[in-house]
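The first chain written gets the first letter, and so on, giving A, B, C and D; residue counts start at 1 in each chain.
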Amino acid sequence: MAELAIELIGVNKHFGEVHANKNITFGVRKGTVHGIIGENGAGKSTLMSIIYGYYQADSGTIKINGKAERIRSSHAAIGLGIGMVHQHFMLVDPFTVLENIVLGAEGGMTLDGSLAAARTHLQKLNQDYGLQVDPDAIVGELGVGTQQRVEILKTLYRGADVLILDEPTAVLTPQEADDLFRILRLLREQGKTVILITHKLREVMDITDDVTVMRAGEIVGQVRTADVTKEDLADLMVGRKVNMHLDKAAAVPGEKVLGVSGLNLVDGRGVALLKDISFDLHAGEIVGIAGVSGNGQSELLEVLSGMRDATSGSVQFKGQELVTLKTREPKAAAYRKLGIAHIPEDRSREGMVKDFMTFENAILGYHDDPSVRRGFLFNRKAIIERCRRFIDEFDVRPALTHRRIGLFSGGNQQKVILAREIHANPDLLLIGQPTRGVDIGAIEFIHKRLMQLRDEGKALLLVSVELDEIMALSDRIIVMNGGAISGELPAAEATATSLGLLMGGHK
Amino acid sequence: FTPAVVYDQAGKFDKSFNEAAYTGAERFKKATGIAYREAQIANEAQKEQVLRNLARKNVDLVIAVGFSFTQAVQTVAAEFPKVKFAIVDDVAKGDNVQSVIFKEQEGSYLVGMAATLASKSKKVGFIGGMDVPLIRAFGCGYAQGAKAADAKVEVVSNMTGTTPQAFNDPARGGELARSQFDRGVDVVFHAAGGTGMGVLQAAKDKNKLGIGVDSNQNHLFPGFVLTSMLKRVDNAVYQLMLDGQKGTWKAGVVTMGLKEGGVDWALDANNRKLISKDIETKVNQAKKDIISGKVKVVDYRAGNSCPVK
Amino acid sequence: MSQPANMPRWASLWLMPLLNLFAALFVSGLVIALIGEDPVECLKLMINGAFGYPEGIGYTLFYTTSFIFTGLAVAAAFHAGLFNIGGEGQMYLAGLGVTLVCLQFDYLPAYVVIPLAMLAAIVFGGAWALVPGYLQAKRGSHIVVTTIMFNFIASSLMTWLLVDKLRMEGSQTPATREFAQNAWVPMLHELFAPLGFELPNTPLNASFFLALVALVLFYLVVWHSPKGFVTRTVGLNEKAARYAGIPVDKVVIAVMCVSGALAGLAAINELLGSTHRMNMGFTNGIGFVGIAVALMGRNHPVGILLSALLFGALTQGGLDLSFEKPAITREMIIFTQGLIILFCGALENLFQTPLSAAFKRMLKNQ
Amino acid sequence: MDMIFSVLDATLRVSTPLVLAALAGLFSERSGVVDLALEGKMLAAAFAAACVAYIAQSPWVGLGAGIAAGMAVAMLHGVVSITYNGNQLISGVAINMMVSGVTPVLALAWFQQGGRTPTLSDDARFTAIELPFADAIAHSAVLKTFFGHNILVYLALLLIFVVSWVVYKSRFGLRLRAVGENPHAADAAGISVKGVRYMAQAIGGALCGVAGAYLVLAQTGAFIQDMTAGKGYLALAALIFGKWRPWSAVLGCLIFAFTDAIQIRLQGVELPLIGSIPDAFIQALPYVLTVVLLAGFMGRAVAPKAIGVPFVKSR
């Protein structure tokens, strides 16, 4: 048997009453890519945080390279050659790449020396792994893909032998993900060990050597990837049969709901973010917008939802011109009243208030609705009832109306937002990244709900970086590149290759 | 016989009139062996409360220090006709109230003269605490004295601030003094409580002359304090208590000017060397003239204006 | 902060704050013992001074009234994520409004002039907060800096007005003339006299009820109305507020106005309830105490009521204490207040670890 | 010419304690800890410096005591804000009250001079030092400004350079900024967030110590109740004004000090066209100017992201 880089024996971790990790025992073979999968809240991140010294286990033993170690802090973990790329990047936004990389591993009291040394080292790493990262770029201004490379560089700079990646691909485009995997394979070739947490089974099948499956804090399976199929893993993970293929009936498009023509958006610095966008959207169809992130999709959603003013062009919604619409309240509120609902891309920062209770988040954006008020006060009972309905219908877990939503898992948070926007019975639903970071059980549910909505005759505009998702849900696909539409094709004709070409700007 | 003293917000140790009142009360205690009660208020509402409390606790004479007590004394005195009340620095109505007011302008006049006479640059300065009529009366008397000694003298005047904090900001006091020195002033008079400490310190640091206020501050920086304008709140309080004890206390208004020994200028060993014969004779002459009525010093408070700038 | 799961709710809600209060009193007791006084006796004097006799209670509640208003003012802004340090200046300016109305119209009957004065307090206080609010919303000027500056500016302005413009003829005190009786908010002892209750003569006045009403309204608006929902959304997550179609700028400005208006109402209690004239510096730090009151009260009306009461009691009990014990000066009381704020307001986690450990053990033993 | 010199000279003197306090606040706030306690730290330092300098008859020992006192108060703020995750705003307000209350009590008990300390003799103070070739440049008001101050003024000038070097060019500075922006990232990078924050408090305390000592040892020569008179808050305002950057914060302090110096000299002066303006308005000048500058030119101030948030390990 190959040597183990990391071995856990009987590790337990409680958060108050939550038993996040139950008696975990497993090993990671040196020089392999080891996948860890499981539903939201299964305890994956917690387990990795324990290895990285971020949390302390209540009991159990951790062995690194066969030697039992107590890892009291990230500092200690780094010393043991462990590096971690967190689910939420641990980067200092206003710092440059270089500064982020040397942070905590400066090597001297003065910065100039450390930075100069790091620059040389970084160049070498950049070359070795084919990473193109500008050391002087401000991290906050970089795209997520590049930010992730910075995270990886950080660990490599510290000489990590074991690299833990927590849902690294959740925010990446397929191209970026492919690139990441190329890097991971390179790392494996160099004898490094990689632990990869992901919700995407395709990735698990693609790159991992071994897989560990977690459910409700426990390990429910540990297998060689070669020995299993995707379906096996999905069933193991959720504990029931998962239907991974969406049955899609042909769309029956109705009347035109949205007509966008010649839409332009120029930002304060004079950069054109949207260029001459024109398309139509009909009732009863889903139009997917594909594209490498940062090519104008987000801005398009912002304009259509009223959060941002277009510079020129026309948006006709049910025959009404929106661009020149004069409103007393902010446009976002006015559009919502007209029947446009919006599930924002960045759900945790935009779509909800983490410190609010579930029931409060259930009315965010609809707080002025007559149905939730009584005179100048709220109708508390109606709100709670509404929230309870959301919870029941969308199977939000835990089913609590009075719990801070920040404490729910991402999938469950997403369900609450989805429920809220669908409940508004909009004619047009704008959806950004509906399943980012969400486990496959929840994805299955969300996809079904969206299809159902389409079949009820709603118009849906879907932005996602997951090509699989776009292809599975959409009736038509629009591809964006550089703020402009580079092509449009019926979903039936779309393939990953054809879309990929358009996304690259090849017409 | 139990007398009581009530200090205002500035506090017992304000290096100014509250402290002077405290000194007077202590002197009374030492002289007669009679203890007195004291209280200090922290806000507006407490004024009446404290006065009422003392009146109720069988205190015979309640002395309120500071013009901010006027209203409260009037109200409470009416409620307790048997208790004697006194207020320092303002006039309060009532058959059982004695009001002690000072002619600050007269004392200030004298030190103003001294300032001009001692000044080589013929520029003298005044630094007040908070910009209120009382402080303006100091400044106005000072200016009149200065101009009386030499009509061409220039009087530079500053106020420290607009909050009670202005009486407690020595750093700012020092800065104001320096700004005046930079403008050529070489003698500066302060009427600014604790802030004045900074003024006198700055005078010493810059080798200029300062003039103290309220109590005799000549000893603080011997050789650098030209003189002090004495405002004998201590005497007033002492006298009030003594009268109360002896039964000679009378309601009404008592004005303490030069004549009554309520204000004066200070000449002692600490500033003996600074005061030339010429200064001494001229100032003392002015003192006589004021007492005799030959010279009239205008009170800023009378018409809300000052005859000289 | 997450609630430690193994501590009952009552313990974290009541036991811990009480322990903190004791800790603060214990430390101040040490200091009192250090200067040679008996801490227990002092505590007794203080409590007795604040709650032991009707007059003491009257004064305690009078101070509480003002603190409730300025506390609510700070809390209101806080819910929108704004730290309004300008309560002092807003109250001062509100006092100007009240004064102007009273000087002009106090010949009118009470039911006209008092509401008019209240309106003026609200308008002036609100307006003085509006400018910093506007600058924050539209120009991004930091509210903390602008409100500090506005306090200074208010005090300059008011000094000038009181000394040179509004001062009573013939008086040297920088204060206005006394307002006519019409403008006086009825004292509680006057209100209750016809009912056969004899209350001592204290400045406690009908504004107290206004403060209680304000507390209830505050609760309803903040947690049970769309306006409050909108405010809290802006305070907690501005991006989400924009997403929800909330006009963030308008909310910031409006909340600052409300905050200033609340601070302004404290001027009613002070001017129309107690002094019946405008004195220089009548605000006397009440606006600043409001910060402590709001923070300690966790920006919740119940907490604000309790901490305002605590500060009221400290003000009144402290006076009585220093009255009986000359060695305990006003400064000692300030020190004690500081200690209480520190322990109860900032060190609330002090006993969390030992306490939850204790509860854990208790649960195990059962 | 003389007027210019006088104003610049005063600006330098008045801004010194503000600059020191603002730099102190910079460390604290850049580490993510709101520092309303600047006032209290300064006041405690002023008190300690006054007492010790009086007893030891040495300004240097007094300065040391001031620094120690500033650091002690900073540690209290640290324990509350960093170890016990307390509300940093409350901690600051409470500390200011405590120091304001306890210093006169102690002064009264120790010196019986009514909450003041005895006036220091020149030997126990920092007085102006005459630099060589001062006369040679006497014709230039601007240059002349830099001569004839006490050593602490020069120390403060030097410290501006040191601080901006430390913040931007040293390892500690990098960690400081990281901890204030994203403590979780710093923690993940193996940095002790609490350690850095305590260090920042200690440095800030020491700087406040110098500021407080300056008030007593250089300016007034004695401790007086509440003698900081809001300088801590002004320094904080300057820091925010300067968007938490050393040189900009210093600029803020200089603007305060400069307008203040002008203001003092404008009182009672007849201005052309306008005539004599009431002193009260002139006194409000620095504050009005600050508001105008903030509204007009400074743009949105973006605070260190983690400011005011206790660091708790969780997401």
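Details
Here, contacts are C-beta pairs under 8 Å (C-beta built on N, C-alpha and C of every residue); 3 or more make two chains touch, one makes a residue touch a chain.
Being a predicted model, the structure only gives us computed values, none of them experimental.
Minimum number of contact steps separating subunit A from subunit B: 2. Chain centres here are means of the Cα atoms, and by that rule the chain farthest away from subunit B is A. With each centre defined as the average position of its C-alpha atoms, the distance from subunit C to subunit D rounds to 29 Å.
Averaged C-alpha coordinates put the centre of subunit B at 35 Å from the centre of subunit C.
Subunit A and subunit C, compared by their mean Cα positions, are separated by 46 Å.
Shared interface positions of subunit D, i.e. residues touching 2 or more other chains, are given as 104, 108, 115, 225, 279-280, 283-284. Counting only residues that touch two or more partner chains, subunit C has 2, 156, 159-160, 163, 329, 333. Along subunit B, residues 11, 131, 162 each make contact with two or more other chains.
Contact between chains, per the stated criterion, is found for A-C, A-D, B-C, B-D, C-D.
Put simply, subunit D touches subunit B in their complex at residues 2-3, 5-6, 9-10, 13-14, 17, 104, 108, 113-116, 119, 127-128, 215, 219-222, 224-227, 229-231, 260-261, 264-265, 267-268, 279-280, 283-284. The touching residues of subunit C, when paired with subunit B in their complex, are 59, 62-63, 155-156, 158-160, 163, 167, 171-175, 178, 201-203, 270, 274-275, 277, 279-282, 284-285, 315, 318-319, 322-323, 326, 329-330, 333.
For subunit D in complex with subunit C, the touching residues are 80-81, 84-91, 93-102, 104-105, 108-109, 115, 225, 233-234, 236-237, 240-241, 278-281, 283-284, 287-288, 290-291, 294-296, 298-301, 310, 312, 314.
For subunit A in complex with subunit C, the residues that touch the partner chain are 16-17, 305-307, 329-336, 342, 344, 346, 349-356, 360, 363-365, 367-368, 372-373, 376-378, 380.
Residues 11-13, 15, 19, 131, 156-159, 161-162, 165, 168-176, 178-179, 182-183, 194, 197-198, 201, 205, 220-221 of subunit B are the ones that touch subunit D when the two sit in their complex.
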